[in-house]
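Multiple structures are listed underneath, in structure tokens.
In the two complexes below, chain A is the common chain; its partner is chain B in one and chain C in the other.
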Partner chain A sequence: MSLDYVKFSGGFEKFMPKEYRDMVEHGPFGKKISVSQMGSFKEILEEHPMCAGCAMTLFIRLAIIAFPNPEDTITVGTAGCGRLAISQAAIPFVYGNYGDQNGVASGLSRGLRLRFGDKPKDVVVIAGDGGTADIGFQQVLHSWFRKERFTTIMLDNEVYGNTGGQESGMTNRGAVLKMAPLGKKFEKMDMLQMAKVAGCAYVATVVPNNPRRVESVIKKAVLIAREVGSTYIQAYTSCNIEYAIPTDKVMEDAKNVENDRYQFTEYVSEEAKQYLAERYGYKEFLPKPAAPAAAIPNKA
Partner chain B sequence: MSETVKAPETTGQPADSAVAAAKPAVRKDPHAEAKRQRVVTPEYLFLEAPRTKEFITGSEAAKEAIRRSNVDLAIAYPITPQSETMQLVGVLYGEGYVKEYYRGEEEVGVMAAIAGGSRAGVRCYTATAGPGTLRGLEGIASWPGHRLPVVAMFTCRVVNAPLAIQPDNIEVAYLLNCGMIVFHAENQQDMYDFTLAGFTISEKNDVTLPVGVCCDGFFVTHARGYVRMQDRSMKLPPREAWRGAVPVLDAENPPARLSRDAPVQKSNFMAYNIHAVWQQEVWAAVERSRKYINQYMGGLLTAENVEGAEAVIIASGSAAAQSREAVRICAEKGIKIGLIKIRSLRPFPTQELRALCGNAKLIVVPEFNYVGWLAKEVATAIYGFSKAKIIGGPRVYGGQSMPVELIVDEVESGLTGKKSTNVAQSSVMGGAVNQDDVAHFMRSI
Partner chain C sequence: MYLVADIDVSICAEKSCKLCTQYCPEANTIQYSEEMGKSKGFKYGSAYVAVDRCKGCAQCVWVCDNMAKNNAIKMIMIDQLPLAAVTDNIRYDEKSTVAVLSNPMIVIGN
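Entry: the complex of A and B
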């Protein structure tokens, strides 16, 4: 993007809404912004209709801040809570049909490459656990097997939140929810393993209570997807309504779930490591003599 | 073949950089011919460019249309009787006529990816048939609302149980209500012309809609016919992404449509109003395409010997081909009968039919499906403008062919007042019909 579209035509400044003026004057477009600066700049996503205490919303805000080139990023989603927030963001969002986000992103990213060549146009899919692991499963897996160059982010609240609390494939076994009146009868789907089997170049799990880590994985995932291949981030973003988590306990729940089943994991393919090191100066991925293959940075 | 095997020894560089090196001891560039294609205006291509005739199948006709259509992205998924078309488009990709191509996972994924490609601002093409059309219909039906220019081909086949691959165009009944432009090709020539014109019409600013080019499977796709084509050194101008009625999502324009229309998901009067307005926009755009169909395709219908004829056959697709032969037989029998072939089903040639059918006594509408979607369209269009008796038949389905004698029988019995043995009384409409005859059937349906 030329950054022109977020600027005003001369003389129109005073007629523009305050929100818009703030975005132009204090927004993140064309600047290097970090989550540690939150509160000091106008965020791409601020106002939204999500429930009080929604961890998913915090995660989406963090993710959007982490986009390396927000002015050249297009998000793609599907039905679910997440899109209610994402569609309010000041960057383009494609809301297609049920579970078609990875199909749309395949055509979109290929089309943008045809038009813009090497100029980065980042396509990021952000969809829920139902959209990704259930109704969109086939297109998600096939986009990974095809090594489509875009990022897939799952907002995993382990339930169909938007439709009122039904079991999803990512629900834990035994959980009693609508459409699972006797408790879910099979295990939470292992989408992380499937992502690796399908050939994703980068796979990570995160919870929203560590903003710097969210920022770190999103950045890596988006950068790797530019050239190396598909990347997948699975984020625990609790539904405090359907799981009856008190608003002031949402972060505590995230911590507990992190310790229980959402430990931070990160898989980076060798090609992706080399790419991040050479292209973007990621020192931790610089080749070391006789380094172990599965180098996991930071603490688990 | 030996030439191409020798090639890689040049410098060990990727193929595209080797081209720039322009060594005299050349290996053959598979894209050489495609690169020499030159852009011409649609007006020249459709109306002026000289044509030569070839005897080819419908699938090959579609391929030749795509060769000249400057397509950026084509996505394939096999289904009989369409498979040959999209694999031939794959050949074009290998030759550089199509810039990007892949085999999708199935039709839901294909229609989604086509939507993504069109949103990116590139020219997109796909094709499917029967069950594939219905599988992809959620996506297809959303293209018009998102104002996505696309051309899709539907090589119609059976969709009902039991599963069959045979021709039957019932899927058109579903496509008619999506808000897309729908053409129905009679033969290989139509396949070629409608596909090429489809891209141009689809991308007109005041249209910005998908175009569906339907044909009856096998009869058109697998049979050969003469097709008059412009030279393959010419192609349409590329899609101009900025030209659409809504901005493409390339992060070069302010985000638009759903990305800023979140209230559309809410249950309030604003949401209802937004959705209603979108639908009005879509169908208004369908109306606006009429002038381009007239300009580039020579009209929404063709009429032969209709003036002064006591009976008229109205048909589309393969039924029009069969009807043309029925007209010839009727002429031999001394029955003066005309033929109207509908090319564009959406928009539908309502005004044209009213003008043409005002004095007809009998209208016969033969179809290759059980439900008779065309007869309903015709009856609705001319209601109040014609006193003709309308026979909604004969109809064949499930892969049956249509003997021309069936059509001739309906013309003869329709003119003499004799009851038909092939068309249910409930499918006979019009002011001249004895309602008592029909009443029994109307009660039982």
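Entry: the complex of A and C
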């Protein structure tokens, strides 16, 4: 892996499809690209079979643009809708059995460190709420307790979308779904709190209706995971099919849900703050100058 | 027939906020071109849609109407669009893209 893998093989250039040629010549590899340039460079994500208007797709699109070094990134996924798009991107994608993703990523990230030493290779797990909080729960928690250095992103559509609407641990209490007709009886799992208890160095919630924020959160999470420890992003990525959201109202729903229960939150450990400030120049995490001594009240 | 998004260049090129480019769930579907607006005498460049990639969700319409408040995007039956951009006719430039518009039905039917 390096910029070498986005080159034409000798003699093949004229036979490659246009999309491939555009990727080599106008893709984001080796460049600093941001969401503000969307529509003017060839994206790593290609066409894919996810549903029209799916917010999860938009989030995946933004996340891939936000990867700090896409040429040195490997995504790991599992069963669920997201893999249908993540696998159609021009970066390596590892597909584990349902729920295995954090175990696979643990081995992968350790192996890459043995093979490539200090040069960072970023491992990013992207999986659904069922894959993360239910089926993969054990491996997710263990990877966090072990401080495995990779990023875990939960695509939280609050349902098993790919298999037609069963409730997941992340579904809200009372939600009625096609295959949960009596309504969910338990509360939504608090994976954010669990991530903090398990020692994640960075924990954030986002909604895709703020592309710049998605970009900033992904960058921080990936950079921190290079050296400091596990990082976790929980993104609300509605399923317009299972929650019957008209596709032209998906962003309105995202806004409402953001105001209701998915406000932006960000936890950064002290070590991670220092690392971001010193290594990557994040000014907001530089130590604050000591406050001037409080003025002595004028007793006159 | 099916609906695709169509951007009114004369409205978009006055504002050119680029907001919709960040909200379409499909990659490289809403593109941005400096030439599209400026060559027609408008102030800025314009967004445009590669109709072969558009899934017709109308999310961009909501974004342009409610967030940008510019009302520049309408959903149109693909056979009613006289000219449109398709991926094969889009070239990437340094800072934007250039599309040769053609009849979307002829290109798709080829």
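A few notes on this one:
In this section, the second predicted complex is superposed on the first by the 281 of 300 C-alpha atoms of A that agree within 3 Å, B and C clash if a C-alpha of one lies under 4 Å from a C-alpha of the other, contacts with A are read in each partner's own complex, and residues count from 1 in each chain.
What we mean here is this: a residue touches a chain if its C-beta (ideal position, glycine included) is under 8 Å from a C-beta of that chain, and two chains touch if they have at least 3 such contacts.
Just so it is clear, the structure is predicted and the values come from calculations on it, not from any experiment.
Steric overlap between chain B and chain C is absent once the structures are superposed on chain A; the two fit side by side. Chain B and chain C, viewed from the C-alpha centre of chain A in the overlaid structures, lie at an angle of 130 degrees when rounded to the nearest 10.
Contacts of A:L286 after superposition: neither chain B nor chain C is touched. When the two complexes are overlaid, the chain among chain B and chain C that reaches more residues of chain A is B. Residue contacts after overlaying the shared chain place A:K18 against chain C, while chain B stays out of touching range.
Applying the stated contact rule after C-alpha superposition, one finds that A:M38 touches chain C and leaves chain B untouched. In the superposed model, A:V197 lies in contact with neither chain B nor chain C.
In the superposed model, A:V250 makes contact with chain C only, not with chain B. In the superposition on chain A, contact of A:R146 is made with chain B only, not with chain C.
Once the two complexes are laid over each other on the shared chain, residue contacts for A:V176 go to neither chain B nor chain C.
Closest approach of chain B to chain C, taken over C-alpha atoms in the A-based superposition, is 17 Å. Here chain A touches chain C in the complex through residues 18-19, 22, 25-26, 35-47, 50, 52-55, 57-58, 61-62, 209, 211, 247-252, going by the rule given at the top. Those residues of chain C lying in contact with chain A across their complex are 18, 21-28, 30-32, 47, 53, 55-59, 61-63, 66-67, 87-88, 92-93, 95-97. Residues of chain B that touch chain A in their complex: 72-73, 75, 99-100, 102, 104-106, 108-122, 124, 138-139, 142, 146, 241, 249-255, 258-262, 265. By the touch rule above, chain A contacts chain B in their complex via residues 1-2, 5, 49, 71-74, 76, 83-84, 87-88, 90-112, 114-116, 121, 138-139, 142, 146.
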